[in-house]
Amino acid sequence: MFVHTVNSDTSLKLFEIRDADALFRLTDASRAYLREWLPWVDGTRTAEDSRMFIQLTLEQFASNNGFQSGIWWKGQLVGGIGFHNIDWSNRKTSIGYWIGQGFQGNGIMTSATRALVDVAFDYYGLNRVEIRAAKENHRSRAIPERLGFLNEGCVRQAEWLYDHFVDHVIYGMVSAEWTT
Amino acid sequence: MFVHTVNSDTSLKLFEIRDADALFRLTDASRAYLREWLPWVDGTRTAEDSRMFIQLTLEQFASNNGFQSGIWWKGQLVGGIGFHNIDWSNRKTSIGYWIGQGFQGNGIMTSATRALVDVAFDYYGLNRVEIRAAKENHRSRAIPERLGFLNEGCVRQAEWLYDHFVDHVIYGMVSAEWTT
Amino acid sequence: MFVHTVNSDTSLKLFEIRDADALFRLTDASRAYLREWLPWVDGTRTAEDSRMFIQLTLEQFASNNGFQSGIWWKGQLVGGIGFHNIDWSNRKTSIGYWIGQGFQGNGIMTSATRALVDVAFDYYGLNRVEIRAAKENHRSRAIPERLGFLNEGCVRQAEWLYDHFVDHVIYGMVSAEWTT
Amino acid sequence: MFVHTVNSDTSLKLFEIRDADALFRLTDASRAYLREWLPWVDGTRTAEDSRMFIQLTLEQFASNNGFQSGIWWKGQLVGGIGFHNIDWSNRKTSIGYWIGQGFQGNGIMTSATRALVDVAFDYYGLNRVEIRAAKENHRSRAIPERLGFLNEGCVRQAEWLYDHFVDHVIYGMVSAEWTT
Amino acid sequence: MFVHTVNSDTSLKLFEIRDADALFRLTDASRAYLREWLPWVDGTRTAEDSRMFIQLTLEQFASNNGFQSGIWWKGQLVGGIGFHNIDWSNRKTSIGYWIGQGFQGNGIMTSATRALVDVAFDYYGLNRVEIRAAKENHRSRAIPERLGFLNEGCVRQAEWLYDHFVDHVIYGMVSAEWTT
Amino acid sequence: MFVHTVNSDTSLKLFEIRDADALFRLTDASRAYLREWLPWVDGTRTAEDSRMFIQLTLEQFASNNGFQSGIWWKGQLVGGIGFHNIDWSNRKTSIGYWIGQGFQGNGIMTSATRALVDVAFDYYGLNRVEIRAAKENHRSRAIPERLGFLNEGCVRQAEWLYDHFVDHVIYGMVSAEWTT
């Protein structure tokens, strides 16, 4: 019901319990594609798992610790984007995103991410936004690079993906450098 | 950040902690006017009280029990509207609303209420919406009457307003009768 | 152990965990009869369901929000009666009751209800007591009518009973009008 | 409201929040007398302290762990008696009691204690009841002795009373030996 | 990781989740032996039960209410010892211990208990330590007797062991009498 | 009471409530020195603040999320070291440490950190340990550098220190490269 308009085709909506089925179907339809870079795919076996995830994100929102929203494109749920958490003391946050198979190449993720960075700086008044991507995940890395984030380093073996570790490149943007 | 557009001038936004100051100032500026019919005005002594209220509404939203949103008109917070709770078993809810002094007569409340009734029936799939207003509060009663709600009765001494009881007229609308 | 004596045959006792079996047996023995007007019957499949209900009522009592008690007649558990909640700010409450099949016609329910209304006004010092009954449930409606409650209106489609909605008639009594 | 009748003059009633003032006044009126053997007297400075105590006892009752009740004699609150806890696994409990100054010598405490031991064995089906009293508190020790409890030993420096330790005599009664 | 050295062969370590398997195997290997005097053996059916027990002990430690530690001898987990709780107001505690089959006779339990009594008096500054043992459990009773505890009495039918009650002898030691 | 021995002079002990006074005095004695790089110093105004911190660390330990320990050198509390959290899914953790004024140059911090890295890899079986230090905090950076950690990058404006942001250098060590 509550919408953040990104552009005429794209909007972000806080996940609500009613989105559990749509979220599950989207995940289920892109399993092999998504699990290459996302650790939560195998554990999402039924709509109940998606519902429990959404419940957690609602509690995250209620505790003023950021939020997770669905990305809606042309009226359809195509992915998710949100803040992992908000560190108010240090005025910083970290953004994560994903998009279902077949929806890449439409600029959806870049504009959704740009919109969320705007929210971080302008709406929440934060100072720093971070985006991490696996070193080999070039598609994901292209997003912060396209938005002007600085490559600040590479954290080795930062994440366990089912059966192997991946390194994470850290991209950072500070408020003073962000041009809306 | 997340907005429900009512019309070109009016939108609803879930209350967030950052709205505490604006909410307090609005309340404080209309004290005498608001306290005629609202029991929470005297207890709102500082922005901290408004913040605590907003925190409660966030927890209400996170527990899938409805929400409270600010009414924004021409970029300014002018009032509040929300669901007191959602009774999913019986598929019904109850709406409450208020507007600051000086903003009446612009049709803001009627359109905001209509929008919320749409959300109750179309978005949440509920069957019944109720609106209660003090018998002598003709301004408030005009809203459901204008929207076609049925006057279902009058509950005596339903509410304590600082130093006296008031009766509540009950207005009800069922899904089958609602014309968007 | 703790008893509220209604008359020489009838008393009310706060539900305790030890009553779970008796409560279940009573429910189970009157299923078809009770489910005509009570929504919780089908969900009470084992004594564990009754035990969980009793646990909730104990927590209700411990949070100063009213209580649920068993109605004991001639040493046997025959029904239940209690306050749905207590709204201390507005000094009002709402009473619900039921009786097992075969125990009607003995005046048990009327005297139990009268006793609870006395508790509401004299013991808790409340100002208003409400009783709602489905429009077609004439047996239940007879109780508040017999006790002098005022018919204040009819709320349409107020409750979902397994496969259909029912309207609720609202009966109200205020302290000033109550004659013990 | 819910009463356990001990005899025509004496009854026990679960403490409820509304009893806070009466409980405080009784405590306050017997300070010097009560503090000789009770550790909680000095900490009961206002009715709020009594209210918080009562809230704890309500939660104890709601968690099926025994209860605390007021002793009412000739319509007046004169003391308190209850189970410290109930150990269901080992089917045992421990009783504590006190009476305000000026009410001794009427047999109130002995009959209230006898009533509670009956509740422990008959109502809760427990196997053992224990009563502990400071070695020098002869008045308190007389109660279990009068009721036929066995002196099972003396625990040294069992309790800290403001500025010194006291030893506790342990009295025990088992179900098989209890004559109602 | 954190160790309390008793002697060159023996040390105590706070139970951590990682100890669940070792604790379960030790319990499982001594079932018949342990269940003669310990009530929790039958309920320990899998390592998950041991894990849940450890979780409870961690929460006990975190709430400043004593702790449970494993007894490690020559690098192997051989038993458990800890404080049932700490009564800070009355500055007293109670110790419980057990050892797996085949490890008796090495003085392990006596030195571990001595170490824990030292902790109670010197580290926590308590005034009284109690040890209870079933009247017929002579092995267990030998520990406090060896350490100079006083036999303060016998509580009848204090504990239910699967199918019968046992009496408990109470041994007490006060700080002034303890010689390290 | 529970100790992790680093060397003959140095040991680590889980913070317990009883350490609150010692921790506060140590903090208070080095205020100007510590606040150059630590954000929590100004907020530690009384021993109660230290006590509340310790309570949080106990809950962290109880939830299997790492721990915070005091560094004891020659019998005196000289600093603190611990895991910020443990990410079990990704088998990684992050270490933080500080030492009071006047205790530097004794090799205490390097050996304490080495000991904790050993615990992370050998005891907890983790795969990665991270240490972050402000870019200008050369003393702190020397510790991971001395221990062979790799400089993986620099996160800009990562932390707010009272009135300015500082950048953080990220040092990482993986299990395969760690030589005990």
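The letters A, B, C, D, E and F name the chains in turn, as written, and every chain counts its residues from 1.
As a working rule, a contact is a pair of C-beta atoms (placed from the backbone, for glycine too) under 8 Å apart; a residue touches a chain by one contact, two chains touch by 3 or more.
What you are looking at is a predicted structure, and each value in this text was computed from that prediction instead of being measured.
Using the contact threshold fixed earlier, the set of chains in contact with both subunit C and subunit E is D. Fewest steps needed to get from subunit A to subunit F, stepping only to touching chains, is 1.
Between subunit E and subunit F, the centres computed from C-alpha atoms are 33 Å apart. Here the CA centre of subunit B is 50 Å from the CA centre of subunit D.
Multi-chain contact residues of subunit A, defined as those touching 2 or more other chains: none present.
Chain-to-chain contact here is organised cyclically: the chains close a single ring, every chain touching exactly two others.
With subunit D taken as the origin and subunit E fixing the direction of travel, the chains line up round the ring as D, E, F, A, B, C. In the complex of the two chains, the subunit A residues touching subunit F come out as 39, 89-92, 127-128, 130, 150, 152-160, 165, 170, 172, 174.
The touching residues of subunit D, when paired with subunit C in their complex, are 1-5, 12-14, 16-18, 58-59, 61-64, 69, 119, 123-124.
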